[in-house]
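Have a look at these structures, which come just after this line.
Look for subunit A in each of the two complexes below; its partner is subunit B in the first and subunit C in the second.
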Partner chain A sequence: MSIDTVGNAERNPDQPQPFAELGLKPDEYQRIRDILGRRPTSSELAMYSVMWSEHCSYKSSKVHLRQFGDKKPETDTLLVGIGENAGVVDIGAGWAVTFKVESHNHPSFVEPYQGAATGVGGIVRDILSMGARPLAVMDPLRFGPADAADTKRVLPGIVAGVGGYGNCLGLPNIGGEIVFDESYAGNPLVNALCVGAMRHEDIHLASAKGVGNLVVLYGARTGGDGIGGVSVLASETFDADGPAKRPSVQVGDPFMEKLLIEATLEVLHAGLVEGIQDLGGAGISCATSELASNGEGGMHVWLDRVLLRDPTLSPEEILMSESQERMCAIVEPAKIDDFLALCKKWEVEAVVIGEVNASGRLTVEWHGEEIVNVPPRTVAHEGPVYERPYHRPEWMDALQADAPTADRITRPVTGAQLQETLLDLIASPNLASKAWVTSQYDRYVLGNTVLAQPEDSGMVRIDEETGLGVAISTDCNGRFAKLDPYTGAQLALAESYRNVSATGAVPLAVTNCLNFGSPEDPEVMWQFSEAVRGLADGCLQLGIPVTGGNVSFYNQTGDTPILPTPVVGVLGVIDDVDRRTPIAWGPDGELIYVLGDTRDEFGGSEWAHRKGHLGGMPPLVDLDRERLLSEVLVAGSRDGMLTAAHDVSDGGIAMTLVEMALRSGVGARMWLPDDADPFVYLFAESAGRAIVVIPRSEEMRFTEMCAARGLPAFRVGVVDSGLGADAGFDAATQVLQFGDLFTVHIEEVRALHESVLPALFG
Partner chain B sequence: MRIGVVTFPGSLDDRDAARAVRLAGGEAVALWHGDSDLSAVDAVVLPGGFSYGDYLRCGAIARFAPVMSSIVSRAEGGMPVLGICNGFQILCESHLLPGALTRNDHLHFICRDQRLVIESTDSDWTRDFEPGQEIVVPLKNGEGGYVADEQTLDQLEGDGLVIARYLEVNPNGSRRDIAGIRNARGNVVGLMPHPEHAVEALTGPTTDGLAFFTSVLTTALTSVVNA
Partner chain C sequence: MARVVVDVMLKPEILDPQGRAVQGALGRLGLTGVADVRQGKQFVITLDGAMDADRAAVLERLAGELLSNPVIEDFTLTVQEDS
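Right after this comes the complex of A and B.
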């Protein structure tokens, strides 16, 4: 095998190179030649191609993402901001929390199990590389229609992959989403979130500081899996013929990742590490160039020292390999023996592959020959930046004008019709029980899970002494974002913020995973720019900063992009998890209140979706109202005024009550305001609302608080276990009674709710 | 009382088991798989997880860890040993308990709050239960189907060695709904469900699991009194 050395590149400047096959445009290739003053070696070309891919360089999104920094609210909670592996937030008492959500969409379409599994593995290493112990994971997933053949192919594999990896790794899976929509057919979204915690003094960054310090690669051996995954998989749209790219997907080993976590935390706590970086997309190319670029600026790597799974790999392949479960640490020479000993304790292989220097160059040698000599910043941080053209699609006006009004879609009126509408929503794949999926995930491991699906947020305890904990929710209604990307992104933020508040936690910070179609389509680029603008403005208004996130473009099959899907994750802190508010109401006599205003808003609703309709405007978003609602929910939890709280979103008030009744197992009676249109009142998806349940003894105090703060609160029901006989069942039967309109039998509803996914996928 | 909790590479519920021991009033002592010294512990818990990645066969590699030879010989001398989930698999692989755990019959990993009935309270780990007591503790496994030949199953039942059975739902296809068994002496217990996840009202479905850990303390007290 002939090696393309730097000397060779200088001697043969005109040798043709396959830059286009590696995903580089002609002008990008020319720019590399300009930077180097010669043609790149094949190894250099490999490095630049992966690092300048959309996935690694954010070249299309960068100009928009700057808004998250420019519009950052005044906050003293942010310890590490955007740009590192994950942002870090101060939650008090010396504790810091780091969290982030990332996409693994394309690999999961090609190979569902491994794609999803390695998505979990990758985000866990991001959290670990900040110095935090990973505490929990969540997975927002989106699929094509539930009954589509391809959904049946990918969903079971993706769920098994998320579970197989996370369960074996020992991290509880505490929430997420599962959404079905036609637009995700052939382009499922697999987003993975991880949260971790550390003491302030344990925060670590990815920088190669200290001339003479050693670069250690440890963890799994490097193999031929995932080669070119980043540039070939994540930056190209699937064509109609389907991909023939199976070998590009990485294969995960969660057992190795578990050892990597324990070994890494031990070397960090022992003070043996100066800088640390995980290996994900772009593998060694990314880790070495980013570490060097963030540190002294120079690094020399002996690439032939890398431990290989396959000894026939070429240096280009080693540089590009995306083998999982690998980390890179910067270690002082005096501490290297202790570092290697701790790796050995955990049976993790480690090898010194390089040294930090002040040369300003990243140099790589292969058996004594120089194959890379580049300025590391040009690889890691100074890639191409595109101002992609964008414009509002012409079809937006027609789409927004096509509202689901009563004359457009027949609305239910009678009690029987309203009941039928509710039962249809309960049995819809989007609103049906997700237990078939979540029961494949371990939610108990580590013993700190306080809330998990189907609660509004996942909540984990961080400090067993004080009860300090965090809550996280992820949300996005892509239909809202299609109708108006700016508002849709704010609605995703508002829902996530509300979900965290409903559990009693104070929202602190935001992460996001922006899933869109091709950035080369000006209409998609407009959706993207509007969503980012909406999210940045919304975070500023709510006073919570974006700490990091991920962009996934090219989610489309042919010319049809997915619904714009800006998944928003909000993290909140709660001083004592013992005071969390669940969604299940308590015993008879407790009072049910709706907080917030209900309007005739059905654009993008689940009801309209069931009718095959998408048009009109999404619900109004009022972030000041969201903030007020959040304060009331948190105060209600803190002062012990609430038994239960549940955010009102998909399926409206009716569905929200059903979910609370199912969780509690106890019936309730509700009544509608005299002037209300029953259909609108029960099923509209207006934002800024929650249902809370209050013991009678707290009613006065709670309603006075709402009145004083100006939050509308309406008493709409009471918990009542004795309604069975009235409804024509035996006396013990628990029912949910909707005024004099209709009644549903809770256990029958449960059977329906829980039967949907097993019937489709079981 | 000092109760050792073993960490193998890939153990996941070791912190939870140690927490359960502490909440029951015992002293949890961390034991390392590569160390044959048991640090003078009075009892041992083999926690859940995926020791050695569960590669080859669940528990098959862990059985050969240096710590296991010490545990096997102390167990044969009467030291209480509780194996939970992966720990149960290791006890079977080590021949301290008969039978084996196989892939769930429905082929999925399952995590659920499981109702059990406690049948044998004559073991060091179930003394604090009432015979016939029904409890709910989490169950989470991919390979939890208990199997043994008919003769062994008959013998387990005939000798009263089944300590717990699944109620309402058999979650993994275990023969005769068996969730846990003990040896004849009653010091070695293997259990597929996870009592260590049901020791705090805040994080567990119940606190029913705590009695497994208080039982072994009661056992120790009784033996001190009897001595």
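Right after this comes the complex of A and C.
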């Protein structure tokens, strides 16, 4: 095997190189030649090609993502901002939390189980590399139609992969989403979120500081799996033929990851580490170039010291390998023995592969020959930046004009028709119980989970003494984003913010996973730019900063992109998880209130989706109202005025009440305002609403608070376990009575709600 | 009667956590010098009657679609005819 050295590159400047096959454009290749003043060696070409891929360099999104920094609200909670592995937020009492959501869409389509599993593993290492102990994961998932053949292939594998990795690792999975839509048929979305906590003094950053310090690679051995996996896979579009080309994917080992977590936290707490970085996409290329450019600027690596699973790997392959469960640490020479001893204790292999220097160059040596000599910033941070053209699609006007009005789609009027509509929504894959999926995940391991699906947010306790905890929700209605990407992104933010508030937590920070089609399509690029603008403006208005996130482009089948899907995760803090607000109401006599205004808004709604219709405008978004609602929900929780609260979104008020009744098992009677159109009142998906349940003793205090703050509050019902006989069942039967329109039997509804996914995938 | 044996192994470049665990156990239980362990699975399929070209084609296809995951695994298929 001949090795392409720097000397060889100088001697043979005109040797043709396969830059196009590695995904580099001719001008990008020329730029590498200009930077180096010669042709790159094959190892350098490998490094640049993966690091300059869309996935690693954000070359199409960078110019837009700057808005998250430019429009950052004034806040003193952000300890580490965008740009590091994950942002870090101060939650008080000396505690900090870090959280982030990332995509693993393309690998999960090719190999559902391992793709999803390694997606979980990757985000956990991101959180770990900040110095935090990972506490919980969440997984927003999106699939094609529930009854499509390929959904039956990918969904069980993806769910098993998420569960398999997380369960083995011992991390609770506390929530997420499962959404079905035609547009994801050839391109499912697997987003993975992890949250971790640490003391303020334990925050660590990815930088190689201190000349003479050692670069240690530890964890699993490097193999040939996933060579170019993330980078090449993530930048390619699947054609309509499906997975004909099957690139090598990574296989994860959660038990190795568990050892890596414990070893890493122990070396960090022992003060043995100057800088740390996880190995994800682009493997050693990424870790060494990022560490070097964030630190002293120089690093020398002896690549032949890397421990290999497959001894035949070439240096190019070692640089690009995406083998899982590896980390890279910067350690002072005086501490290296202690570091290696702790790794040995945890049965984690570790080897010194390099040294920090002030040369300003990243140099890599292979058995005595120099194969890489580059300025590390040009690899890690100064990749190409594209101002991709974008324009509003011509079809937007027609789409927005095509509202699901009564003359366009017949609306239910009679009690029987309304009941049928509700039952249809309950049995729709998007609104049906997700228990078949979430029961495959361990939601309570570690013993700190206080809320998990189907609650509005996942919530975990962080401090066992004080009960301090965090709540997280992820949301996005891609149909809203298709109808208006700016508003759709804000609606995703609003829903997530509302879900966190409904549990009683104060929203603090935002992460996002922006899943879109090809950035080379100006219409997709417009959707992306609008969504980013909407999200940045929304975060500024709500006063919560974006702490980091991820962009996933090229999510399309042929020329058809997915629905624009800017998944938003909001994190909130609660000073004592004992005062959390669940969605289940309490005993007889408690009062049910709707907060906020209901309008005739069905564009992008689940009801319209069931009718096969997508058109019109998404619901109005009023972030000042969202903020007010959040304040009332948090104050109501803090002052002990609320028994239950539930965000009103998919399926409207009717579906929200059904979910509360199912969670509680107790019936209720509701009435509609006299002037309300029953269909609109029950099923519209207007934003800025929640249903709260209040003990009678708190009614005056709560309604006065709403009135004083200017939040509309309407009493619409009462918890009542004695309605069975009136509805024609035996007296003990629990029913939900919708005025004089119709009644549903809660246990019958439960059977329906819980049977949908098992029937499809069980 | 024909017997078809399908051996399925993870591709060489793919990590095999089970094999690694077995390798560790072998060492702990006294077998020194184990360089590597790879774990696979074997299917033994007994057919009524003889093998023919049509059945061979179906078997070849299903070995790749059902018995193995061609993204991460390789298979070999051998036919043993009983007289």
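Throughout what follows, the second predicted complex is superposed on the first by the 756 of 762 C-alpha atoms of A that agree within 3 Å, B and C clash if a C-alpha of one lies under 4 Å from a C-alpha of the other, contacts with A are read in each partner's own complex, and residues count from 1 in each chain.
Criterion: a contact is a pair of C-beta atoms (placed from the backbone, for glycine too) under 8 Å apart; a residue touches a chain by one contact, two chains touch by 3 or more.
Everything numeric in this text was worked out from a predicted model, so none of it was measured.
The wider contact with subunit A, measured as residues touched, comes from B rather than the other of subunit B and subunit C. Of the two partner chains, both subunit B and subunit C are touched by A:Asp253.
Looking at the shared chain after the overlay, A:Pro712 reaches neither subunit B nor subunit C. Look at A:Gly415: by the touch rule set out above, it reaches neither subunit B nor subunit C. When the two structures are aligned on the shared chain, A:Gln114 is found in touch with subunit C, with no touch to subunit B. After overlaying the two complexes on the shared chain, residue contacts for A:Asp225 are found with subunit C alone; subunit B is out of touch.
In the superposed model, A:Arg443 makes contact with subunit B only, not with subunit C.
Contacts of A:Arg461 after superposition on the shared chain: subunit B is touched, whereas subunit C is not. Of the two partner chains, subunit B is the only one that A:Gly163 touches; subunit C does not reach it. Touched by subunit B in one complex and by subunit C in the other are residues 253, 255-256 of subunit A.
Residue ranges of subunit B in contact with subunit A, taken from their complex: 9-10, 12-13, 15-16, 19, 48-50, 52-55, 108-112, 138, 140, 142, 194, 196-197, 200, 202-204.
Considering their complex, residues 110-111, 114, 220, 223-225, 227, 243, 246, 248-253, 255-256, 309-310, 323-324 of subunit A touch subunit C.
Interface residues of subunit C facing subunit A in the complex, by the touch rule stated above, are 10-17, 20-21, 69-72.
Residues 160, 163-164, 167-170, 253-256, 258-259, 346-347, 438-450, 461, 464, 577-578 of subunit A touch subunit B in their complex.
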